Amino acid sequence: MAPTAYYIALSGLLFAIGMIGVLTRRTAIMIFLSVELMLNAANLALVAFARAWGDLTAQTAVFIVMTLAAAEVAIGLAIIVAIFRKRETTNVDDLATLKG
Amino acid sequence: MLTVPEVHLAPMLPILIVLAGALASTVLGFFLPRRALTVINLVLLALSGVSMGTLWNSGAAAFGGALQADNAAVLLGLTILLGSAMTLLVSLDTAFRARVSFPEFDAMLMYAVTGTLLIAFSGDLITLLIGLEIMSLSSYVLATLQDSRPAEEAGLKYFLLGAVGSAILIYGIALVYGATGSLNYVGIAERAAGLSPQNLTILVGGALLLLAGFGFKVALAPFHQWTPDVYSGAPTSVSLFLSTVVKVAAFAGMLRVFGGALQNAPGWAPVLQILIAVTLIVGNAASLFQTNFKRMLAYSAVAHTGFLALALLGTPGLGGAAMAYYLLVYTLMTAAAFAIVAALQRSEKGMEISDLRGLYFRHPGYAVALAVCLASLAGLPPFAGFFGKYLVFQAALQGGYVWLSVLAALASVAALVYYLRPAMLMFMPDRTPAREYAYGERPATTFTVALGVIGVTVLGILPNLWYGWVANPAIWGTLAGR
Amino acid sequence: MPLYLLPLFPLIGFALLILFPRLFPGRSAGWLGSFTVLASFVVAVLRYLGQTETPAHEVLWTWLPNMALNANLAVGFYLDQLSALMALIITGVGFLIHVYSISYMGHDPKFVRFFAFMNFFVGMMLILVLADSYPLMFVGWEGVGTASYLLIGFWFSGRNSEAPDRKLREASDREGVANSNAARKAFIMNRIGDLGFMLGMFLLYKLYGTLSIPELAGRVAGAQVAQAGIELACLFLLVGAVGKSGQLPLTTWLPDAMAGPTPVSALIHAATMVTAGVYLIARSHFLYDLAPNASMWVAWVGALTALYGALSALNQHDIKKILAYSTVSQLGYMFLAVGLHAYSAGVFHLLTHAFFKALLFLSAGAVIHALHEEQDVRAMGGMRKFMPFTHLAALMGVLAIAGIPIWSGFFSKDAILAAAFTADPILYVVGLGVALLTAFYMGRWYFLVWRGEYRGHVAHPHEADGLMQVPLGILAALATLGGFLNVPSFLGGNHAFDTYLGRAIPLHPHEISASTEWLLTVLAVVAGVGGLLWAWAEHRRRRLADGPLGQVSSNALYLDRVYGSLFGIPSRAIAEGLDVVDRSVDGTLGGIARNSVAPGGLFTRWQSGFVRAYAVSMLLGTALIIGYWALKTIGGGGW
Amino acid sequence: MIAFIVLGALALVGAVITVAARNAVHAALGLVGTLLSVAGLFASLSAAFLAATQVIVYAGAIMVLFLFVIMLLNANQPISGRDPVPFVRELAGIGGVLLAGAFAVLAFTYRDPRPLAEGAAALQGGNAAPVGEVLLTRFLLPFEAVSILLLVAIVGAIALVQRPAAQPDGLTDAEGAALPTSPDLQPERGRA
Amino acid sequence: MIHLMIFLPLLGSLLLLATPKRWREEVAGFFAALTLGLGLLIWRGGGAELFSVNWVPALGITYSVALTGVSLALALVTALMSFIAVLYAARRVSNPGTMLSLVLAMETGLLGIFAARDLVLFYVFFEDALLPALLMLAIYGKPNRMRALVKFAAYTLFGSLLMLLSIIGVRYYGGSPTFALVDLVQHPVRGVTQTWLYLGFLAAMAVKLPLWPLHAWLPDFHEQNHDSGVPDVMGTLYKVGGYGLFQFGLPLFPDASLELRPVLMSLAAFTALYAAWIAFQQTDWKRLIAYAGLSHMGFVALGVFSLNETATIGAMYLLAFQNVYTGALFLAVGMLQERVGSVHTRVGGVMTQAGALGGMTLTLWLASIAVPGLAGFIGEFSVLLGAYQVQPWLAFVAGLSSIAAAAYALTAFQTTFWQGRPLGAVRVWDLQHTEWLVLGLPLAVALFFGVYSAPALNLIQPAVRGVLAGLGGS
């Protein structure tokens, strides 16, 4: 089997990519997708560690994190939709009136 | 065979009561007017407070330590309840003007409170995480609830950045787990002691990620940038809630994690001190140049985050006590200030600082109250803000962070300047017509303001009333639980 | 009779007059003022008569911390022959001048205030001379300074500032500005001297640990202190004396001080206050005896000032200015004397000078009065016809100051010249030359005012009234006969004055053969007579109006302008500069107050409103934190 | 090992597509790819139950929801025009590299606390039964609490999308006329 | 009794808000007079000994107060001047309720400062006095007061926060159980730490002295304050830096104060000269008096820093009584402004019509430029004499300012009160009613203590001896 370190490195890579996505994508949905990517990286790390410790709690934790993600998606998409209804845009750069 | 752990009702009673309030608002919202629900919720908050009081010194725990109702939890929980109650009171008067006077508002608020209590009572990282998420999600909704462009923009910003923040937090949890193989504070604290250097590296990495994640929740620079926008975009009563309750809860979580679980883990303190320094500079310097009072308060909230976080650098005994004292005082004065803004603002954008000119001659009561709050925020005796500052300085000094304390001192000079300008403007007579909402003074708000002002003054003259409770170092020695 | 009564009476008078001016209608204020001074005079006389060998020392109450030997310095009065003499002069001459003023100031709207100030002055002057410690003497010192300030500026808004007529009003305003400036100048220049006085006290305290004069006198003998210290202390005291007595280089205020009413000039700026410097040095004789160099400085300052005063007096046209410069010059004589440790001679000249200079000023005042405030000698002349009595008195004064035998000036000046001769021929020559010049300019003054034909504008100048004549008469008598108090031995006298004063101040009798004495005397007389003759000759040739040295003399050797450009202008410039600096020192704070400084703009630009920008800082922050940690791990650095 | 390499590569490719694809739908599909391969990795980490959940909940439910919203808001066209945030790509690149590098460093300092074989064995393949047992014993509280979270999600989503009407608070001015809401709030739109 | 004296004014100011308009003057005057009376009683009783109770036990903060020696003298002066300020405010300010209550509130803060024998308590009162001062400036100030406000507050807080740090440090590094002075002295901090802590403490005191270069708030504060000059009186009383240094600085940081003596003394001497010289350029009476006061404070600092007994006594004496005549001068300027409608120093000829006003102002001025026979002289002379024993040259530099003082004082006086009144200028009426008292009382005090200093010396001298003995200083 592959050592844990590999998995962690992989997850770290995924996390970094997700971050790049957050920064470079310009529509709310895409940014949100990238966040999902980061969450998955976290999950992957957790599961890998779970194996390393031979401990099921981490896997359970992952299960819960997935639920969190789902809930977040629900709220997030709701917000996005609500905004879209009023402005017909998902470009986050259009929402920059609050500043300074 | 499956053995369900012991489930004591007592430790979770406070949370359950609040939850009941949330559910009630959700369900009864179809039958009862919103104001009735608010009253019910206020009562429930009070009840929850009482039940919390019964937990004092009981050291009760449930779910195998996943939920611990130790004194720390009680003290922080009471602070949270106070802030929530003040929010509800203010919302009684201002929710309609802000167009958020419907049951869902209360429901979301109560859910958020549930989450915050969960954080304060949490015994392991997962509970903490869930608490944080409940709190955050409901806060996203609260910030967006108002049907206005600023609110929506605020909500979206809050949500996107918040999601990223939680992702970082979760990754941190993963690393910490990887290093210690445990998710509850006690286990982490125990294993953090004897670790091979490699996994210590991972542990510190996780700790730093947790720091970043929490840094977002409490608005430490450079994770603070959502704060001004969200506070100024959201309805003022919501800003009140976010700047008091949510921040208190986030700090409660930080106290649990860094004061408890990771207390003797190395590495995070030096980073935290850098973050604090940046926060102090950014927060104070930026608020010097605000022209909108509401937004200035938002920035000052950032600045205060810096002061509060100073307490984390002290020894848990002193630091925890300082933090607990400061949090209560901070809640009182910030809530009162926001309450006055909410009451007197013409538009949801809050009032410009220049609008405050001559307020003393139109609304003497509120003007004096606001002046007191600002003086307390600036840390002038005899108001409690002074002792808050004093305590965190003391904690930081005894932690050996002299340069940071000096920086904090200088920063609060700048703070004085920007608090002083509005405070003094209120007392300068002017000829121009009033630019604030004429019918703002109403019983509930007045009560809230009075509560804040009296509290700040009394705690300033007799700090022991509160500090006597929180001073005992034993409370903060066992943040991780036994 | 306790000593404190001496200053107390005039001060009571001052208090009454200044607090309840309305209680004293008409001339009653003048009488009250004169009476209080008379009362002090009586006390002084009684104390003088009851005087014993041992000086009287009466301590009142504790005053300054730690300034006596291991104790707090007390307020106390000290009466020895010197102070007794001074007290007599002050109260006696003072009383005469008070009486004179009743008539002279009779028509002034601020009659009451005038006498209040005069009383205040007398009181302060008495404190000065009776003080048992330098700080207390300093009280009187600055007190008389203040009094002189108030009295020089007595007409601070001009003499008819309420006049409805614009012309008069403007003239009066100009006069007011001039008077005020003169007063201020006097005070400030005195302050310069006072600083020296204070430093002297500080140093004395450092050396001997006390400022009480008797204690000092007691310790000076025994204490072992560096010679330089004593010399320096004496020089500091000299600075003080110079300031008060209008000696070089602080002399320019004294001529300006003539802006005050004439009795003031007579009392303060001729007879008493300006001699305080001489008194100070005589009082500190026990120090100067130990400080030869400092004493030499004193002598030279005196000699040069005498010369300076005489030269400046040559071509003045203000009847009082001439007398003022002559005062400067005569004070120089006194300094010369005390500088040569001939204290008795100096004090004796002080005495005679008090008589004849007061006399001259008062008679000048009478003339001014008669000519309705006309002060230019070119617009006078032939006054002899209009006011014979005053003329006679004035003549006595002129003869006295010119040093004509049997008149008082002759004896006192002679003693000084003798002392100078023994000490240093150059000083003697200077002194002799000054004597000549003195005789000349006084002669000029006399001929221009009293002889020749009348050039005035007033139709019929009237003779002074009785109230003014009585003091004139008494003073004339004193100026004439005062000299016989101290007839030198070679003239068959017994140095009565010297022996009296000798009880307080040890004498340094100079050994000169009687023949030399005679020679010196003759020379002095020749100088005096020669000067007068020279003036008379000029008078015959009608060329007296503008005396020798022309502008140089009438501008007092341009000393004022030099000071102005040397100190006045620069200090103003510096003040201006400092002010500018001080206002701009806190520009940044002001900027913050006005909410407009750069750094804040930085943060607001960072807060650009784009959520992704916020994400950038968040995630970069995270990356940096973790990166820092990773690097530290690679570096294997500890945590 | 092979499994790891293959799946890891796939995951990375998917991730890159997610981040880089101009068309939103492609990006979403790329994410699906990543999620699936992560599920595979779960399996290879002896977390069978999680793998299944990953496929069903994530790749299934959540991504469908995403796609649905993308279509609804037809947000699939990429946004053109210059980026208002300066240097964002460069900064993102630097930050990403830094982050990835740092994580790699941290990862390779990790030493397994116990032999992997043991650990894997102790997991009992991570089947539903053991996981469920943990969930109902040691994670009882989180398990319950998550339900609150979901409730919040539901109520919040509804409240956001269907903004209810504001209820007057009976505040009146001097004349007793009801006071309006803040002027800068635009009047409520008729709801769908 | 002492507690009553401290908090009576505060009580009064709170009561004042409740009393009907027409009674406010009387009530305020009553409370101010009562406080003064209490002070005199305490004086007659030989001062109030140390009284100490725990305030915040958990933090070792105590409520320790005492009114003896120097602090009693200063407290008495404070009470007196507050009373006079109340008198004048009641007469001059229309509807003075707010100002009166602020004055009283500030009086409590000031009395507390002088009475406090616990560092934190001292700090608390120190800041409490700030608020009323700010409010007075804000409510009654001149158009561009905001700048003055910000400067005033910022300078003050800059100092006091550093002081707060060193307060904490003093207890922490010294390991004293409480912040009470007695305990702190028992547990001294040594070495370089002490120096650093002293610098922190000094920051606050230097601002409040004020000492160059931390003085910039002073002129603006006075210039922008209300014309009546009542707030200026309180502001003058608020210059407590010298007292703080004496009461707390010297006992707590003996080595440091000995070590820094030359530097600090030169700063002080420079301040004295610098201020006097600038004052010469001022054409605004309030700025002028402000700089004059600054110059006096230079003398005070010189005395305290010199650690010489005579000089320290003089410094305290000067500190106490400059409040009297400087404050009275501000009020005199207020009267001048009321009459000619300006505080410019080129009005001219006022004394031709208002003799008493001019005379009193002149006498106060003379007191302020230390003409002997008035209270100013004793202090200044002792300071200079003492300082000369330590640093002759610095004493000389400071002494130079006495010349400059004569220059600025007499110039301003002359161009305002002397010389001709401009044709057609408003007619100036002379002192009336309470104004006589308002100027006369301080004048009498200044005169009395200039001639007969024993009562004050008996308070000050033993206290100074005690402190310096503990210091073992020269």
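Going in written order, the chains are labelled A, B, C, D and E, and every chain counts its residues from 1.
As a convention for this text, a contact is a pair of C-beta atoms (placed from the backbone, for glycine too) under 8 Å apart; a residue touches a chain by one contact, two chains touch by 3 or more.
This is a predicted model, so every value here is computed, not measured.
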item: Path length in steps (a step moves to a chain that is touched) from subunit A to subunit D; value: 1
item: Common touching chains of subunit D and subunit B; value: A, C
item: Chains in simultaneous contact with subunit A and subunit B; value: C, D
item: Chain pair, B-E or C-D, that carries the greater number of C-beta contacts; value: B-E
item: Chain closest to the assembly centre - both centres taken as Cα means; value: E
item: Inter-chain centre distance, subunit A versus subunit C - centres from mean C-alpha coordinates, in Å; value: 94
item: Rounded Å distance, subunit C centre to subunit E centre (Cα mean); value: 35
item: Centre-of-Cα separation between subunit C and subunit B, whole angstrom; value: 76
item: Distance from the mean Cα position of subunit E to that of subunit A, given in whole angstrom; value: 64
item: Where subunit C touches two or more other chains, by residue; value: 592-593, 604, 607-613, 615-616, 619-620, 622-623, 626, 629-630, 633
item: Multi-chain contact sites of subunit E, meaning residues that touch two or more partners; value: 146, 149-150, 154
item: Contacts with 2+ other chains: residues of subunit D; value: 84-85, 88, 91-92, 95-96, 99, 102-103, 106, 109-110, 113, 138-139, 142, 146, 149, 152-153, 156, 160, 163
item: Chain-to-chain touches, reported pairwise for every pair that qualifies; value: A-B, A-C, A-D, B-C, B-D, B-E, C-D, C-E
item: Contact footprint of subunit B on subunit C as seen in their complex; value: 592-593, 595, 597, 599-601, 603-604, 606-607, 609, 611, 613-615, 617-622, 625-626, 628-630, 633, 639
item: Touching residues (chain side subunit E, partner subunit B) in the complex; value: 55-59, 120, 123-124, 127-128, 130-131, 134-135, 137-139, 141, 145-146, 149-150, 153-154, 157-158, 161-162, 164-165, 168-169, 172
item: Complex contact set, residues of subunit B against subunit A; value: 126, 129-130, 133, 137, 140-141, 144, 149-150, 152-157, 159-160, 163-164, 166-168, 170-171, 173-175, 177-178, 181, 183, 228-229, 232-233, 290, 295
item: Parts of subunit D lying in touch with subunit C, wherever the complex brings them together; value: 84-85, 88, 91-92, 94-96, 98-99, 101-103, 105-106, 109
item: Subunit C contact footprint on subunit A (complex, rising order); value: 19, 22-23, 26, 31, 92-93, 95-100
